[in-house]
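Chains: A, B, C and D, in written order; residue numbering restarts at 1 for each.
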């Protein structure tokens, strides 16, 4: 996607002429459409559009917004323009299990994920070594009942200072407060180690083992105040069997979690995810 | 498996010498082991063994049981011997959607499932035509609040008269009573059209759509008085996306349901499923 | 998709303004875009566009073509307009194994596949019974070295007379001549019972067994004079293991073949497949 | 499997009494069977048996072999006894792409793979940094036409000195000589980045892209003098589509390769793989 300059995301009520208005405006600026995806939700009559464009060198973000102004007004669009020349900055939060974080760092290193890790935050010291190796600022923020509000305030400051646009909970085992989840809604992606809505909450692999399921899974979702109830971005399952213990589920699950989270983060950062109430539209390709 | 005469299933507490005792007894009768699977549940120290044997022509079931008698006594085994020269007889129950039933009938026709359909039972008339085409007795048993006990009594009679050893609920949309489920526990396999424990009860595809999951599934399980809580035999999932409606989920789900149920029934009829409390041991191969 | 009137497929060299030109023309006729997919092949600079539209009742196909005329000329587009009020007619060809054909017939019956079976053609008599049950004309066309040209001439006549727009080889075990494959290129979809390009030609499951693969598959592809080398539409694989015989592969493969072919046919009939030299663009959703 | 002391692998011609003889001998030593898998190849009448046992503390490997001696003689068995108290030592060979190696190292670190990396060998310097970080001896062995024999001699020495029992080619991009492959047959596991037998040799993802397949895969197999023709241990595939470039295939493939190789190595090290001519028996659980 190195040939892409901007990602546009548009949502509005559906009626004829939307795509014509948008693409005509873009054509008037000699923008070329590199990729385009759209979805009309028949139930709610909402229209969702994602367009990746390459533009002549002298076009900037405000000019695109200006160009699309009349269409935005006419169709009452919500428009987001994402400038791809600016690498998105993310904060990774982790507790003790580091497989999901390591996979993210590797995918960034090889260029599959286009992001810059502004900070690694943890309630444990374990990840400091990796952070140091990779030259990423590490913030140790242990959490208990007394200091939770304080630590979340520090975290909010960090988000602001670091210009991070996404917080990734890569097996961060603390529950964020309602206030924090609400304030940063749509900016926090979590990996839950079960196929939601099955096995919410603690120890999902052990719950899965007790129930005797024949597949386990993982779910990348946006965090909301309702624990493990946020809009789902990506899921995957894998086969297990009776001869496997709950610990074997944990081991099998590591790979699933790592890749489901990486895909969820990639979709988010590439502007492929749009919220449709409590569900998501995900333009995977 | 045409070279197999008997399937043995053995469950007991684990300790050294079980397999030696069983296989030595079998060797003394010149039985050859065609297939053997075992599982030791470390949590409960239960041992599960399934052995498929071919025997000389003059050995019958009672001789096998006699031969294994000392081992059964010594290890306090539960032993089941299944005679493969007798085709298992099944009753298929169906409501309006016939895809799961048709797939079972086809798999029986081509020999993948070794079974004889003793009867098709339905609370609707729709399946009568297929039953007639295939030469299978059809029983129309409409169910309402008043006649449910009566109809289940008729069904129990049918099971007895037809020597059926399995009732397959191939999208039968009525809930069986606690009495019936309890009486025939381990003899009724249902296909539920979700990845349990997600989306129990009615309209699971619509529940899945509302939740915005990215995979849907189906579950073959034994029926118990707790609705959709019985021991799981087999499950499978398939990818869906935001552009699909609940009706698209239904259509995608048909194939999953059909093959998950067929596998569940096959595993049961081939003696590959053993109950381990509320979970199953499934020796798939 | 009952709200859709027409499917447009457009291919041309890529440059700015294509989508604007097309969608502006459509908007001028009050056509609403129900679904739209596009792909820019960076290697060849070819652009592929599929648009499903709903139109006011008084717009017909020629008016759409007229409306798009200037865009077609300006961008040197190849344009195909498919009228969804006309159910596509297909011919199913089959030899002895009927699972893939039965699955197609079922998917048509339940409305997942929108098509009308103009005829079933076979070099064996086995499928006549099903054809009669379903009220579909059956044509027995046995093939040998001497009569092959003659039979293909009869088949070509049948295609013409029946207004069929697709020939589906649903496990038809005869090789069509180069002349016939070339004449009807893009109009014949075959299911090959392996994951191509592995195991071309005869007995692919036995080839797979001999090689000791751990997955088997099936491939739906367009037929070309090069045996099993045509553009691939859809593929799927499933796990096998050492304990399975070549016959077990055949049994497992039946389900894969049936659903891969059904999807391939659906994609073709819904205008989701576009040829990109010897590869395909498949807009699955 | 920390409760397991030894893995026994037995292969011989099938006839009644094998399992009885083996398990009776084991029972006489109070060995408990933790896991047992067997397979009778009907085509060749070969019998394959893998038994994991826990033994009283004072039993050693030679006593097990002695105990099984009469059975070995009577049935002309090939017997291998693997002592689990000794961690298997492996050599990892890698060129530039390090994802498969890193995944192996991680799986060893978290205990899913029970192995000790005796050395990392590479024809490039890139992996030295990781080796140093992990405290693993690194051997730089650049290869060209002139020094290949010499370098392979050095490698053979390293195998001997380090007591390695497995060489893992984790994206090692050099072809080993026929002499080396033959000498160490059954001791070298390679990951090939395609679903074999499709796309042997160089640049398989580019071959797959050119052919227009809809799934890509990876294959873990034993190395033989015939390039990419050795016995297959494990395979997996994943969906791709027309919008993906050959480089996207490469990126998607990384995850598949890493986990297929890790599973292949695990199966080998746990004695789960037995050779059946040019195919494998893999007792996965």
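Methods note: a residue touches a chain if its C-beta (ideal position, glycine included) is under 8 Å from a C-beta of that chain, and two chains touch if they have at least 3 such contacts.
Remember, predicted model here, so these are calculated numbers, not experimental data.
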Of all other chains, the one whose Cα centre sits farthest from chain C: D
Chain pair, C-D or A-C, that carries the greater number of C-beta contacts: C-D
Chain A-chain C separation of Cα centroids, rounded to whole Å: 36
Inter-centroid spacing, chain D versus chain C (mean Cα positions, whole Å): 41
Shared interface positions of chain A, touching two or more other chains: 35, 42, 241, 243
Residue ranges of chain C touching chain B (in the complex, touch as defined): 35, 99, 102, 106, 110, 112, 133, 241, 243-244, 251, 254-255, 259, 285
Residues of chain D defined as touching chain B within the complex: 3, 14-21, 23-24, 26-27, 30-38, 40, 42
Chain B to chain A touching residues, read off their complex: 39, 42-43, 195-199, 210-215, 217, 231-237, 241-243, 245, 276, 278-282, 284
